[in-house]
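By letter and in written order, the chains are A, B, C and D; residue numbering begins at 1 in each of them.
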């Protein structure tokens, strides 16, 4: 793999101290599958194997619900982004989309996809999903750009496969993946056929360059000691992928010019993915725990305003969880047999994720106190002259180890300003679509016509009822007697 | 029944124009059971009958979920409080509590309760639940009050039954009920044995006086015309019940002195009931529809800030729904066989109900415009001199009937300031416990010790892990693989 | 005066129980001028008299500041809208606008206005301001409407004066005024010359019809007793004014066709008026006091969450006050000699007024408890049978008179749902322009170009600095060394 | 000076790349005094000199107001904490406190202070203020601690002066100061006499050790290039000061055992200082400008939701400014002749500072897009292989230089996650007292008794009026006719 970081090639990413924590986070998805098999694996009817849940196609409501439960647990265990949800959600959304493409066009994408999934399950691979193009001039579509590479596109076809060029920005966990699923990033028109491409490529394919993304406080992982990094073991990863004439063989291609299905794929992917942000409630659990710990270490765990803030943090965190898990519980079965969560509630979940972690973070900083951002370095703590001074003056309540107190403060810094604040805050804002994207989807789902009739009825409005024609069946699902009945 | 309103006895409540709308709301619970049988009725294993869902004991997760779905529908259909949730939640919480009382004390309350429920189901009665005592000096318990009647209590026992005296404040729908279930209102101690009483009494029992509660704009229902009341058909009802030596026969008594079970009953009742506030999302649907309609009538439905406010209202409304339905989906089976929803998420649901309807109401007023509170009366509209002036000057966009525009504005007034604002706002604040009550329950559920260990682990804190002993099994349910497995 | 209310002519408004409280509120503007002369009067350099401050032209920064101080006091004393700010703000904004019109057009509007003000000051009259037209089809301007009367306009001119026809909607205190100042409601174009009219008319002029606006719970003022109305003495007033061929003599005309000055007048009027909403902090003081009183009566004044809510209410209330008074302190002198407050901060003040009173009201309801909306009527309280029951069961903490407790609850109802909620909430939302109107003005004032340069400078951006041309001199005022230096 | 950073002595702080930006920020306080003399200097009546305003004692309302105006300008110019407000506010609060101490105790602290201030003004020195002690066990007072050094205290006295030992935590700009004013950190009792010490020491006094505080992303200043640091020129500074037997001569001592004046000094200092946080509106201006610039660079400056967010950011920023400047305008003259701002409004200002910058930062991240936290390093941008790739794919709208776009994104990162987020967010939370400290002061100022009487009056409550005895004269100042009249 051709990876650049700080202007240099990284030949052994596993050994790079700044990359290592992101690999640890992915590794925990394997470890959890061993430690908590029911939660983190599933019996796949495709292969008959007990597979990692991140590679499983949801075969029931419960499968969709268990994705959320596993995501929260992973968030609790790592305190960061563990990078595998994009791949899981891509496979599940492709399952139904390829099926419906085949139905219309007589293609055989669905079977190809199933074969690909079987291989992934058998080999227990990590798959990432690559969606976000650089976009260039945002007022123009793919085919209208001055530079055609602003959106990933086909540059050549032959009987073996196709060749693509372009880039994918801020790609979660791509360097830690075995395979990458390439997908379009927005609704396409007939002119954009060359951009309507979905396909799987090995992460180390010829023609790919990765440029590692910087994160707040990233170089603390490269400093001596483990204290100042706050969470020395785990971190997220995002990189830019540049693809220059990269080859995909025909059997790994799952869309090729069916531009009218781009929107369907994206909507289904974001539907799964916006609810996948339930993972952030796992991070929220960690941050609430850290705030409770520092309150304890400071000797003020029972002060009423502190307790009240911990309750508020919990309330906000569980409000996110509720919307995600409700969306999963309200799943319905697609034509292809895969189950998909409710779209309105998925958008409500993600929209709360763009707000509440910031408030939870603010409250954590409130409880932590100012020392969190004025504390000297670990080296000063280890220095024989200043170390004892810090030991003396940074003492909290009796019985608390000063280093433990510093560790908790650094963890709060890590999650609200530092390396994992990237995942807990900014990624919560923009991942799976920025806030406005959710508002647009909520608007499409909200069935105003239906609600206007409810109001008109109670207000005894006369002669002004219309049969609403809404682009949504949200209330149909709300009032569905049972998900099991098709 | 002995009912007072405006200082006078009301002999025929059905005919009273101010009471009538509250009866209509209850009537809709019967009508819906006919129109939408699957939603609003259930097959009871107690009687084998298809019974009104408000009288049904939840026999599965799906039963708990369907309560919420029915509640939202009822809220949509009436735009007010339909008054039957207290009874439903009381029966369900008594089901498990009586079972566990019998288990400990060898009593036979559970069978009595089952017999009572069978009778209700067979007769298709309305049952209300009466919990809130006047409380007197809030710093003292029941037995410590100067006036012993500040909490309802036993004044006499004989071989036929017991006699009780006291009062129950702001009792939802009590006058529209056939039966009333009396329950204690707070945790009791050994001294409070005479206050540990649960029993069912007919609403027209000897010794009961009802004093009707006033609501904002209540007398508009008594004015000529139906326009100014906003929602002329439906309204809520709350009254004060004074009980003077009221008799309950032994077979209708379901707790008698087992003071240590009062807290259990109240916690289970509020657990069901806080999630029952999902009904308010039905009212929210109506108010969002009204706001969208007035925007349309004003000719500005597509202005970006209006659309954005409708999206925000929807987002908040669905955040409430999500927490409620998630709580129901996370139900677990009690020893007695009844299913109970998740307590943390029920409290999260209700806590959002104490906030979001106020913001939804504020946004509705924003969209409505000032005319909502400065519009002349219906009589001015009907007056031959001023009527044409109003027809001329209150015209909205072309094609909109002026009276329809006035009707929608009056509906928004009704729900944000008027009669049903009582149900949509203030009752959302205080019903099933005021905000602080939820915060206390969230605090009891939030498992800080568990979360502190998560944080300490990621911060590499040394030698400071404790096995937490929490008064909650919330995370156990969060990570439960399947509700169906006990 | 021709006044309609509930479809009937009101011949003696002073004697009408529903109108009387609005008259009392205006009367307090006279009484305060006697009791607190320095606060509520000023020495006018026009007449040399000590005049009511509502009729005074601001001759210094301190004069503008004292308007705010008087407004807060009036809000505290009445708990409602006292209806005189529109007139005050109209006179002050016309002072500078007529001066600049004369400067351009050689007219003599300014002197006419001064003569009119002198007469008002000498007679100590009440003047109202009438701005809001019905607007009809909101996508069309005045001259483009199908019905030309949708905006008030000239229908005839002769050598004595002009004749106007149209209507003004939700006019604060108009029936309690001696004179009414007619003004245009929006930016006008050359086609709208007939709509560019400013003039003063006696409130009882020939051709005027008033139709009284309904308010929530308005008829409680007409019931026996004074308890249920909550604030029986004071209320606001808004009515619709229909003008049919109403005459204005030339000497009372202050704009006649100078359409390009309509926008200037409106902007200056709203600049003064949006900061006048500081009055609502006086109402806020009352509501905070009511909440503190009921907490005391309930026996829980020192519970930490109650105290915390009172602090939050105060914080929000003072945030409104701060923005208003800051706007007044940042006043600058206009060409005509009148002083005008800062526009950005006036908009910030009003924008907070569209938000914070709703939250203060919500918190007041939280503290009040549910009894506020379920309490029986005063008649039940006076009834010999039910009265003693209520006396017994509605008792709060020891030593509290039950009627006093009911009175405070009714006051909170009055301000959050009832008659004065119209002024405290909905009028706070829409008076002086709805929230979006403030956002537009904030956008015009915010000098983004200036701020972009600040950012570019610190980011060391290269070759990308522009001299911003902003429609605002906000920062010039922010950094002005002294207001006294022109 | 004995300074430690990363476990090593720093001998030349001026040359240290991580310290240098904090020195630049202080230097700008000198430069501004030259460039904008009226704003940033004042004629001191003590020395007759035109002195830096940070060293000036406020001699009028306008002087207090101009402090705020200068602070906003400094915030705009540096985008960080410029570290001189603590000293300014300490001198001003000591002016009145020493005067009143002398009045009671017959001491001569006030004259000593004036002499000290004259020297500072003449030499144009920087003075820092040191207040926050480590506190140890927070449930115990200074004299009750196991380790007496947990609060700074006198360890020896002789005829030349006194010797003190202890530490001061997170001291803003201390290394960049010439002198440091030592002050107690909380209300003291008779047992705490040795802790009631105020005195001035040279920053390089014998016995002082400084340990530099880490900030998020601090080491980016030590990397090659200036891009990734976001704001390469300016940063804040906070360090821990350890004082071991440090000498203060008698003429530099301004309190010595008068424990009952500790509370007065702290309250007056925080009164000035909480309003000094108006500086953050200058940072807010920069961040709003950065957000507007990135929206422009992304090609979407006119999208309605972007504009709306910029308006919201401005509204919040100006709400902070309004409260601060209103507090300054409502100043009153103290016995010593110095002017002091209003305390309620100062607390309201600071309390908004603990909330709004977080929301402004959240909105800035929303507008910025995800690239802010996934962008590769400057070295990758300079690398000949990856540089052209980034130039190609990170292009925004046509005509925008890619490096400029990266620079603005890094500035937003700097202010919301990076080095200056410490000052803009966490210091806004905890500087001059954490949120709860403001709530306590608001509670002490809010005159509930006065407000309760307002409510009781309007509710016609009978026989229940008390003359309130409040620890505040807030409303006296609110309704004061003129600040100039004593």
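One rule holds for everything that comes next: contacts are C-beta pairs under 8 Å (C-beta built on N, C-alpha and C of every residue); 3 or more make two chains touch, one makes a residue touch a chain.
Here the structure is a predicted model, which is why all the values come from computation and not from measurement.
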So which chains are sitting against chain B and chain D at once?
-> A, C
Quick note, more Cb pairs in contact for A-C or A-B? It is A-B
The distance between the C-alpha centres of chain A and chain B, rounded to whole Å, is 38
The distance between the C-alpha centres of chain B and chain C, rounded to whole Å, is 38
So, in whole Å, the Cα centroid of chain A is separated from that of chain C by 49
Would you please write down the residue numbers of chain A that are in contact with two or more other chains?
-> 305, 308, 439
Could you pull out which chain A residues touch chain D in their complex?
-> 4-8, 132, 134, 136-139, 146-147, 149-150, 167, 169-170, 209, 211-217, 219-220, 228, 238-240, 242, 298-300, 305, 354-355, 358-359, 361-362, 365-366, 369-377, 379-380, 382-383, 385-386, 389-390, 392-395, 397-398, 413, 417-418, 421-422, 425-427, 429-431, 434-436, 439
Write out the stretch or stretches of chain D touching chain C in their complex.
-> 38-39, 62, 66, 69, 72-73, 76-79, 226, 230-234, 285-290, 292-293, 296, 307-308, 310-311, 314-315, 318-319, 321-323, 325-327, 329-330, 344-345, 348-349, 351-352, 401, 403-404, 407-408, 410-411, 439, 442-443, 446, 448, 450-456, 458-464, 478-479, 481-482
In the complex, go through chain C and note every residue touching chain A.
-> 304-305, 308
